Amino acid sequence: MSLALNLLTVLAVCAGAFFFLAGTAGLLRFPDPLSRLHALTKADNLGLGLVVLGLLFQVDGLLAGLKLISVWLLALLAGATVTQLIARAARPGGTPE
Amino acid sequence: MSGATVYGLCGAALVGFGLFGLIVHPEPLRKILAFNLIGGGVFLLFGVVARKGAARESAYGRGSARQRRRPERQLVRPLRFEPEEQRPHGGLVQRAHCRWTLAAGARASGS
Amino acid sequence: MVFDIGLAVLVVAVAAWTIAARDVFAAVVSFVAYGLLLALVWVRLAAPDVALTEAAIGGGLTGGLLIGASSRLRGIEAPAANEKPGRGPWLAAALLCSLVSIGLAMIVPVLPEPSPTLASQAAANLAATGLSNPVTAVLMAYRAIDTLLETVVLLLALLAVWSLAPDRFWGGLPGRRQNADPESVLTFAAQLLVPMGILIGIHIFWIGSVAPGGEFQGATILAAVWILAAMAGLVEGPPVSRQWLRLMLVAGPAVFFMIGLAGFATAGAFLAYPEAHAKLLILIIEVPVTLSIAATLALLLAGPPERGPQ
């Protein structure tokens, strides 16, 4: 049973790491800030979700699992907020004054 | 070579890089960044000395008994629990006291 | 172990990029990344309190301050480029710094193991302070004088920032005016994050007596929440001449100092606590200190007043 759990954890975390790699590739290769932000938010948040999913198999209680999920949700929310702030400054028209 | 030694070398390298940036860059903001690097390296060296010292204890937990059930499955894996510290009750004081009592016989130096 | 080596190499590489980057903004961004990686290093060194503080203040607050500073300095940095050192001084500096690094690196493997330390005494006297977290005990009981001076230093830094305001804006609103579109995604996300951030900040402050946390980390989260609300246009910064704001800033160090003076009468030394009431006194100190530090950090990040007091 624990072998199956460990295997699932490794698979999910590897998938998450792959998505992080994809997001970083997008950060490095995309031409302008807005598309780079898009790559970062989509790929990195999915990567974080997969990593959290993998770690959920290793927790030893409901509270720890809820903590992991709330970490993921907070990272989503914080990422969305910061992306909006950066995009406001980076778009072709500049920050609305 | 333990993990703490690796980070000690890292701290030494940070002090070197920071000092170089402090000397070479004319702009004040770059000098401030380099100075912060020096500070980070110095703190890392302090932390390494502390780690080699008595701070071999494991992760902090709450004082309550609920979180102490299966410490080997703690999420923060690198912070190890020593087997003899798995007490079903008692907060950090009791665990820490237990550890220092065990280690006091092994260490010859006072401080 | 492999992870340790990889992390150490990454930290040194990011630090080297901070020094070697041509553009100031790139250097600041890589400094923020270095701060976050350093937080991971502290976790590996079994110091979660330091890791929390490094991530919050080193990575978050200092990063915000430096990004703001780099954008303000954008036009002024050019003349300083003429003062770059030539080949000779550059090589001499590199040689000197390599010698310093190698000297320090040679000390590291020969450190006595276990090193002399006061941790056992700190842990032995923990019960007297009523706390379970030895780091908080060091901050608030054994070395309370240092924490008191830290809060005063933060206040002095804030005064220095305020003194940069033009005369006509003295006592005015800090920072530039933010346009708030009440229907935008940013406003909605900020409205979701602010209550959660306040809750998390208070929790991290409160839990500092038994687990990693404490007033500096909690205060930084509260300051960040305020900054977020200001940047989303949800709040207008209070004019810095407001009485209640100045009272909130000073309350922390003042209460700390007064309880320290009272220590002469009750326990015989400055900042000594009578053993029966140690926990209560520490709590009475911690609450105003958290509020003061949160206000100080938020105002530091907001900058000097740039608008009149309405």
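Labels for the chains are A, B and C, by order of writing; each one numbers its residues from 1.
What we mean here is this: a residue touches a chain if its C-beta (ideal position, glycine included) is under 8 Å from a C-beta of that chain, and two chains touch if they have at least 3 such contacts.
A quick note: this is a predicted structure, and the numbers were derived from the prediction, not measured.
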{"item": "Best-connected chain pair, where connection means C-beta pairs in contact", "value": "B-C"}
{"item": "Chain at maximum distance from subunit C, centres defined as averaged CA atoms", "value": "A"}
{"item": "Gap in Å, rounded to a whole number, between the CA centres of subunit C and subunit A", "value": "26"}
{"item": "Centre distance in Å when subunit B and subunit C are each reduced to the mean of their C-alpha atoms", "value": "19"}
{"item": "Sites on subunit B at which at least two other chains make contact", "value": "none"}
{"item": "Residues of subunit A whose C-beta touches two or more other chains", "value": "none"}
{"item": "List of subunit A residues in touch with subunit C within their complex", "value": "74, 77-78, 80-81, 84-85, 88, 96-97"}
{"item": "Touching residues (chain side subunit C, partner subunit B) in the complex", "value": "1, 3-5, 8, 11-12, 15-16, 18-19, 24, 27-28, 31, 34-35, 38, 41-48, 50, 58, 62, 66, 69-70, 73, 77, 80-85, 89-90, 93-94, 96-98, 100-102, 104-105, 107-109, 111-121, 123-124, 126-127, 132-134, 207, 210-212"}
{"item": "Parts of subunit B lying in touch with subunit C, wherever the complex brings them together", "value": "1, 3-21, 23-30, 32-34, 36-37, 40, 43-45, 47-63, 76, 78-79, 91-93, 96-97, 100, 103-104, 107, 109-111"}
{"item": "Parts of subunit C lying in touch with subunit A, wherever the complex brings them together", "value": "179, 181, 184-186, 189-190, 192-193, 196, 228, 231-232"}
